[in-house]
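Going in written order, the chains are labelled A, B, C, D and E, and every chain counts its residues from 1.
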């Protein structure tokens, strides 16, 4: 490739934009960096005045205790709860979205109602749900949380996926129908592959929502399925905040999300935008 | 006691080997004990697994209550803050223990618990609902090396006209604090406190009562926290921040501890563990790595709080959840924990937050020999406990507590003290009214009549 | 035939779950809000509108609504603005943009609890780097009690909130901006229009729907803000930063005012419905 | 292979009456082309035949059997869509094999048929590519391949070439014509391109507002349009329509333009005009029926006309020249060097043997 | 008003060398049309002139001044985009006024110019509408209006009509031609439509692979192509290219096809072929140069040829007929009824006055 000369004006602008981009990125990443560093510090370093930007040595004892005390189970719980619930929400939501998008099932009203479900603040329903779960004996179990997160993610999934599905050229489906597929096969063999990237982006976000939920988990867990954010608050003790543990746990709890986001990065921007742009 | 209550419990518990009991424990330092020591030990002795559910203090009441409401029975044994015990008992969340106490022969050993705790933190409505398990009380810690420094003493005397010594009242406290700050800051400040929710309210309760304040008008149940006394205490408390290290308003237990251990503050008032750790007891312990290393070992003096009657401050009862599916196993566990033998070991754990609460603890030769100043420490703890003031404990006490906590937080934020107190009083009244003025009045009367409620 | 009923068959499970978890609580709350159920006594007698009447006398409730409004009204435009500026920075081809974007998404996907905790660390007057940096810049010790001093707690909350969610806006707006018809921009460039004119006449109108959606999404999130504040200030000092969600939680879960909580819930739902409807109406108009 | 019969077919979309009681017969093996202005119902008709839309009334018969109640997949038809409708996530091979797999054809048979079709279409070397790696014409061929491997009874094409550029369109058109010669299946083809319609069709069906305006062989429609609409719709540049009045004299007839000027009609055209004296008509003359007068004697039915060249648009071998006839602009398609300057006076010969006279009120062709 | 000069312009997109050392001169007031196959660099060139792309090498001069370092807005050009690029949120009036406002023209002047332009384009009654309320042709006019009010030195059009349907395209084409007559600003116009190119251009620039293949007046390119590529690119259906060998005899020359058969070339063509005996060539004959032999004497340079009609594609007044010449398929454009059946033997006259002979190796036209 031959690189042509860039007019000086453009070169200057590019350099400035680079500078800007770097500064902005550093600014936004700094808190994450700080958290990361705290997780490697000893208490003496955490409570050092003035604050230390780099610990004397990277030591893992903050992580070690989390494993030793079995606190990391919370991450496993979160993985199960968030994974299963977003899986279910994706499948059910996509099917529902397909019906709404292609058959106009229930008309605009049903679609509006579904979207309105997303607008209800969790705090307004968490208490009745808590009582309902008490009756059903679903407090402190995987099932209850999974059901709840599924329900809370469904409107989002339906909303997003409806947008993607509407974008699938009708002819593709019709062509398949003429070619001899039935509806199920059309959904499975034509629509699913076509909306894959939207599906990925949506999955990431449903997963993130479920993963990060604090309020429901706080109310609906006791001992068996404490999820990651709830576990984290346990380190905000009455006597002290265990910053080492908090940081280490935060890092552990952010890792799966970070991995998910990095892997899905290229779907993400598209996904987030398409869905939102569609409205 | 012909038979040791600990052994009894172990023997009886063996038949539950293989089960798991969940115990609710305050998150953080407190749960190091069941996690590292008593839990594993109990499992070794009886085969019962102990699952520690760590809950932050401000969620403990909520969680216990929720669990009870849900009937889930997720918790077996509970740590209950004594001032909330009446509410929990009334709601039916706690299991009455008398029968089990008798069945497993524990009454005698209960008598060994220091009176302040035994008489005030064990029963509600005549029934035993919990075993006082933590000799919480506030002590004054001071830096002997500074207080006994001849040059300081001399200058102090010259300036203020009396000997530099642990303060007898709050005026002295303020003067000493200011003096040291003036002389030594920023290396050393006169004093440091932990100021974040929910703890400074205990300080307020103590000082308010010691200065003659009453929480309520016993006849009308109208709150009187906004009296002149309240105002005076509030103003003093805010003023004291000035000679404390900058940012003290944000300090919590460990911040304050760190400052004291690192030698940044010359005085502080806190629960008994400070005294042990400051002396260097347990330093080097893996589980205590959370605590910064003490730079002041051997230089720490112990004294009663100014005015001599310290707040007991929170404390813990061991209780059994009414919805537990393993009540007996849970009971046996707490009996074993609370027993003379086990508890003596527990209060000596280097990293423990459980403080001596039995007469036998104070007298334990072993304990008294743990570090050079241990006898002085134990004696001060004992005396403080004997003179201790009870935390206010009414129906729905958590609401009053929340109001006080918020009030003090507003105080640090710089709001007008009078306005805060007026609002606090009004909030108290609203709560009282909601609970039912008549009911509450009765409960208050009973509480106020206790010897530790108001200083005579 | 099964295939003919397929449209209904495949909506059924989703709708069922939504009804179960979405509709039931509302009905339940509605009933309970007319009763008098508190923590201890399980008095289930109906008290009519008493709980609702109570709402109007509850200064703390209205204060908490006010706090929520303050946070929303300040944070939302800030996030929008910062997100927009960031998007402007990245809209043109910039080698390595992928990496920048991947890193910038991080704050948004982090759990709000973690975000709150992180900023609490950052703000700590002694152990946090912010004071240190400010002191360095000022050349003298700067000691700001971010979570204690009333003058700074809102800035603290808003900084944290803006830090976490500006990247979200950034993503949305970046996508929206890349959908702006390139040839319109080129036409305007050839026409010699200034940036502001292009912004006003072309860019803003064309990304307006996205902005509206973004504001709606984030606005609703902000109205129910809970986690960040829980981790950062716990509503303090006093109840200065208590939001409606926090207050509802306190009423419901630490004080167990069951009926009253239900009434609050309805108030919140009603408010949100009104606001959302208004916003949606305006969006319709804008289209 | 099958013939297709529609009788009394109606289709509504909400309030839109897209197909209005249409009767249509397409013989077995026939290549029928549906044309008509945008929105006239071409696609709707095709989709109704395919079973993608249910008619609101009427019956559809394919190969003698009423198919109204059959699903698309049960009608054994193949369809090629305007935008190809290729599956972007499948290779060319898989795209072509898609319909066969759906019908559970054995793998070995699939391979055989796919490669046969690919050879026939000249895309044998592209089978492992994905649609995005193909040019427009190649995609088009894949779409056709997907249809022909199916060995369907009936092929439907909905504007299959409209997305291609001119050159490719020419090529593909020829290819489709060849294809039909080879496999002789009944085909129904929708287009709005006249050249396609004219060159491909055995029979053109011209639709207008959901009804058939005229059906017949291409040249029949072109040369014997039933209505002015048909005359105007076919031919490019469009037929010139000039208002005039009929004047009869003896056995002959002529048209008199309003602005003066008279053209005598050839005798073949006058028979039906004997009693039409004074009647208002639109005189339709195609641009191609103008030519530069050679100076020699004029053939029968050809009249001389002198005009001033207005706009001159050379396109290579032909030059479109705008002239005035009867006061209105008309376009004449002349040879490249027939005219060179704006304003030049040229002597033209107008071949009136194929002139059409249209009744302005009814729109019907009267001669 | 300004002339445009490009010299040695190169443009790369990553690895794609889109413009390859291009030299081009367009005179003041000239209407230049850029044509060429898809991807040949037409748009790139236009955008480079506009300043929307920076050339990697070479200089661009507008009106005598080098503009390489000027931003688009500083070059005082106006551009009409393929998709019009109207501002959807502004009214037609505001769209047209946009460039004027940007240049701080007084409001009264704006009104005057906008309404003048609108009148000229026949959109005076649409000024208060929004683009979405307009038809394609109206949008097109607005886009042009936006350009002309600017009184720019140079107008650039990038396939402005390609989104319109055939009829509208014809109309708009005429209108643009009128416009150029009126305002006589230099215009550069990109299209891939030959009719547009031929009818609009003063000068056609035929691009191929980022370089100029030939530049000249439309008929010059059509009739005197420099290369086989030019000959093949212009004209529809495409020119027929038939491999043959040259045979000279005395002053005359003929081409001999490989499969036998000889065509004697007219004397005008033979002058340059005197020493070409035995040379391999491609004989290029346009479909329009075939006609049915009338039986009379043949004009000079016209030869008789008898062939069998293969594929017959009637398009109305003309019929494309595939015949074999020299063993290869060739298309002849005949009159409607010149041929009627597949397999029919027809006597043709081939006008060889405009034949081109191409060197197969270099692709250059040798006669």
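One rule holds in what follows: a contact is a pair of C-beta atoms (placed from the backbone, for glycine too) under 8 Å apart; a residue touches a chain by one contact, two chains touch by 3 or more.
Computed from a predicted structure; not experimentally measured.
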Shared chain contacts [subunit C and subunit D, defined touch]: A, E
A-C against A-B, pair bridged by the larger set of C-beta contacts: A-C
Middle chain, criterion being Cα centroid separation: A
Chain whose Cα centroid lies at the greatest distance from that of subunit E: B
Rounded Å distance, subunit B centre to subunit C centre (Cα mean): 38
Centroid distance [mean C-alpha coordinates] between subunit E and subunit B, Å: 94
Rounded Å distance between subunit A and subunit D, as computed from the means of their C-alpha atoms: 55
Touching two or more other chains - residue numbers and ranges from subunit B: 58-59, 66, 69, 255
Residues of subunit C engaged with two or more neighbouring chains: 126, 253
Shared-contact residues (touching 2 or more other chains) in subunit E: 71
Contact footprint of subunit C on subunit B as seen in their complex: 58-59, 61-62, 65-66, 69, 87, 90-91, 197, 246-247, 249-250, 255, 396, 398-399, 402, 406-407, 409-410, 412-415, 420
Interface residues, subunit E side, partner subunit D - complex: 38, 165-167, 170, 173-174, 177, 192-195, 198-199, 218-219, 222-223, 234-238, 286, 288-289, 311, 313-318, 320, 336
Subunit A contact footprint on subunit D (complex, rising order): 47, 50-52, 71-73, 75, 77-79, 81-83, 85, 87-89, 98-99, 102-103, 146, 150
Subunit A-facing residues of subunit B, complex: 22, 26-30, 35, 51, 53-59, 63, 66-67, 69-72, 74-75, 198-199, 252-255, 257-258, 262, 289-293, 353
Residue ranges of subunit A in contact with subunit C within the complex: 14, 17-18, 20-21, 24-25, 28-32, 34-35, 38, 46-51, 53, 92-93, 95-96, 98-100, 102-103, 105-106, 110, 114, 116-129, 131-132, 147-148, 150-152, 154-155, 158, 182-184, 208, 211-212, 214-215, 219, 228-229, 232-233, 236, 241, 243, 246-247, 250, 253-254, 257-258, 261-262, 265-266, 268-270, 272-274, 276-277, 279
